[in-house]
Amino acid sequence: MSGGLATLYMSVIVLLPLSAVVWRSADHGTHGFWSAITNDQAVASLKLTVAASVIVAIVNAVMGTIIAWVLVRDSFRGQSIVNSLIDLPFALPTIVAGLTLLTLYGPRSPFGINAAYTKWSIYLALLFVTLPFVVRTVQPVLHELDQEMEEAAAALGARYGTIFRRIVLPNIGPAILSGVALAFARAVGEFGSVVLISGNQPFKTEVTSVFIFGRIESGDSTTAAAVSTELLVISLGVLLTIGAFRRRTTRHDRV
Amino acid sequence: MSKFGLRFVALGYLAAILVAPVSLIFWRTFEHGLHPVWVSLSSGNTLHALELTLIITAIAVPANTVFGIALALAIVRKRFPGKGIVNALVDLPLALSPVVVGLSLLLLYGRDGWIQLPFRVVFAVPGMVLATIFVSLPFVVREVVPVLREIGEEQEQAGATLGASSAQIFRRITLPAIRWGVAYGVVLTTARCLGEFGAVTVVSGRIVGQTETLTIHVEQSYDNFDVVGAYSASLVLALLAILTLVMMNVIKPKEPTQ
Amino acid sequence: MYYFPSIPVNNVNNPVRSLMPRIKIFGALAVLALALVGGASGASKDVKLNLVAYSTPAAAFAKIIPAFQATAAGKGVSFSQSYGASGDQARAVLSGLPADVIDLSLQPDMTTLVQAGVVGRDWNANKYKGFVTTSVVVFVVRDGNPKKIKTWDDLTKKGVDIITPNPFTSGGARWNVMAAYGTYLKETKSPTKAVAKLTQLFQNVSVQDKSARNALNTFLGGKGDVLLTYENEAILAQQNKQNVQYVIPKSTILIENPLAVTTKAPAEAKAFYNYLYTPAAQRLFAQTGYRPILKSVAKEFKFPARPDLFTIRTLGGWKKVQPQFFDPDKGIMATVERKVGGVTG
């Protein structure tokens, strides 16, 4: 019973609106859809967006794990404050993220770092908004991880690199992957912070969400819907693939 | 890598990516003193924007909590075809560009949309509530699913063999077991609702004093050269999110030492 | 220590309400809440007018509306106001945003409303062709204009960093493009050569913000040597204590902002519309940087006249120019952006 209601809720809130978008993208038939997504500006923006999102996802895999480690296994003054701050990117309006990054790393940077209106600014903005994902998926697993195996291995003389690689990593690997998938999915769709800091140069620093926005503003909602559908499929694909991979590896560990 | 090395790397990264921008918000807010901040925050438009944000959050959070728990139960405990897809769909709102979310709601509920209700949906508060529910949907589900997976069904099955009804099982066994997953999911959902901007802005119609949330107010202030206004509203949003986190920390009982 | 549930051992005695009745109650409350917030409207007997405008005239309307309400025609009239990007606002009205009086940045946005029947075909039949305010495209430069940027040709020189909004996301940016093209066409007398110069200009563009105001803020943030924007934007920024210095090139385009009343608007909307053409209202527009359309009021303010001022009609009118230049796939600007982005063919 609860399952049925829940599915209904999901359908009304998520599926129905998205179907409207997919429907609109089919306005000019499959030929129209295809020419919309093979538009060279769309393709250029997609290449840039996916590449940036992959880079950011990888950085998050590494840094997110390290941060989760430091928050779980380490202990220092102010640790709980640091922990609270991790979720801030969820609460801050993306425009604020863009504004502050612009001030810090733009033409008037107090650190002398001027990365605004380049590809680097895109990475910065995306790193900010995707910060919580890997950290929060890895933390619980790390917390539950029994340290006995690691201690045993250490007692037997294994170096920490080996311990990490052979004991810890297989256990937190699926969690890292989940976080990475989410970070990637969030990054490909990001708009508010990137639009302020990247310069939006078509074919150079224009991400797909800005391209879609431009099409909406030009009255070409069919192309906008088509490219949105494309982005949707990519995100869904990544989420599904990693979800399937996760299920397979988790089942492995089930006794 | 040594412990201090890791700590240094982690904190250094956080300092550059997270702490510096957030501190800047504090700095820019109070750059000209407290008075301009007070004037800005107590203006009618700001107060109304804050009120609207809180109302929307107060509707979206309970909705996503209740249905989030139901969804999590369905995903973990029930078998149905296409479960993997539903699982991925739950995460989809995290991935969608806000531009697309706004567009979808306009297409669905707008003047020539598929769904026509007796009251105005888009360019009014209901549309904004729907957009906010959409983007904050995944959090409770995602926090509850792993907990449900971990605790397994043994306790509930035990309850069933002892003659408890499913409502009793849920109330006395399941819910208490997942309550911290739920609580944390609520915190994340709240934070997300407070910070929602892109999708909401498309469906809001920007009617001054009526359909402007605090995040929309931030953009309007920035556009009107009111830097203090933009930053002080942002600060309020950040503090609200931190407050939610702190409250959860306060009500959580101390963990037993290992 | 962090916030994640530890697996509890024994937590059976927790009185929590069961789920199903909760869902039902909640569902009812939700629908009720939605209906309430959706259906709530002012219960006043006075007339309420819905003003939908682009972002810049907000400062002007802040003064004009109270002035109107002080007149006999405006007594008891209250306003709901919405400001945003011109194209966004037009689309919002098409999607159902209530509107009685509409003030937009450029004519094509109004035309979409005419085509949808929201605004009557006779909207521009008055002696002002439906425009309520005007302005011109200007160059905002750095203190003292170190790169001595004065003409549109200066913009094609190497090493000049130009900021303009993206013509596909900002309706206002189209005025910039047409001002440039119109000037180059007059100089070279050849459309091909004019487009070539336009391409050269865009080679120098380093940032294409999504809106004119964003572009202004980018420039003020330290990026670029020159910003292309409208005179009234520059003046408004100065009035808001922003450090803005601008140059009005000899050759530039007259920006004309359309105004209309919707077909279903109450009579008071027409009264407000007429009020906007009175000297009192036009003066208030001029005080926020617009060139008033009323010549008598224009004389009171010292807006510099430009020797080579032209209008969009010289270039064939928006009806011709809009698809020719700004069709997202086949327009001239699409080709320009492609060339500048390094894409061949």
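In this document, chain identifiers A, B and C correspond to the written order of the chains, with residue numbering beginning at 1 in each.
Operating definition for what follows: contacts are C-beta pairs under 8 Å (C-beta built on N, C-alpha and C of every residue); 3 or more make two chains touch, one makes a residue touch a chain.
The structure presented is a predicted model; accordingly, all values stated were derived computationally and were not measured.
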Remaining chains grouped by touching, chain C not included: one piece
Chain pair showing more contacts of the two, A-C and A-B: A-B
Computed distance of Cα centres, chain C from chain A, in Å: 33
Between chain A and chain B, centroid-to-centroid distance (C-alpha), Å: 16
Where chain A touches two or more other chains at once, by residue number: 2, 5, 71, 80, 103, 140, 213, 216
Interface hub residues of chain C, defined as touching at least two other chains: 1, 3-6, 19-20, 23, 214
Residues of chain B whose C-beta touches two or more other chains: 70, 150, 187, 222, 245, 249
Residues of chain A touching chain B in the complex: 2-3, 5-7, 9-10, 13-18, 20-21, 23-24, 63, 66-67, 69-71, 74, 76, 80, 82, 84-97, 99-101, 103-104, 124, 127-128, 131, 140, 144, 160, 181-182, 185-186, 188-192, 208-209, 212-213, 216, 221, 224-225, 228, 231-232, 235-236, 239-240, 243-244, 247
Contact footprint of chain A on chain C as seen in their complex: 1-6, 19-20, 23, 85, 87-88, 91, 112, 166, 168-171, 205-210, 214, 221-223, 326, 328-329, 334, 337-338, 340-343
Parts of chain B lying in touch with chain C, wherever the complex brings them together: 55, 59, 62-63, 66, 69-70, 106, 110-112, 117-126, 129, 147, 150-151, 167-168, 170-173, 175-181, 183-184, 187, 205-208, 210, 222-225, 245, 248-249, 252, 255
Parts of chain B lying in touch with chain A, wherever the complex brings them together: 1, 3, 6-7, 9-11, 13-14, 17-22, 24-25, 28, 67, 70-71, 73-74, 78, 80, 84-101, 103-105, 107-108, 113-115, 130, 133-134, 137, 146, 150, 187-188, 191-192, 194-195, 197-198, 215, 218-219, 222, 230-231, 234, 237-238, 240-242, 245-246, 249
Chain C contact footprint on chain A (complex, rising order): 1-2, 5, 39-41, 44, 71-72, 79-80, 83, 102-103, 106-108, 116-117, 139-140, 143, 195-196, 199-204, 210, 213-220, 223
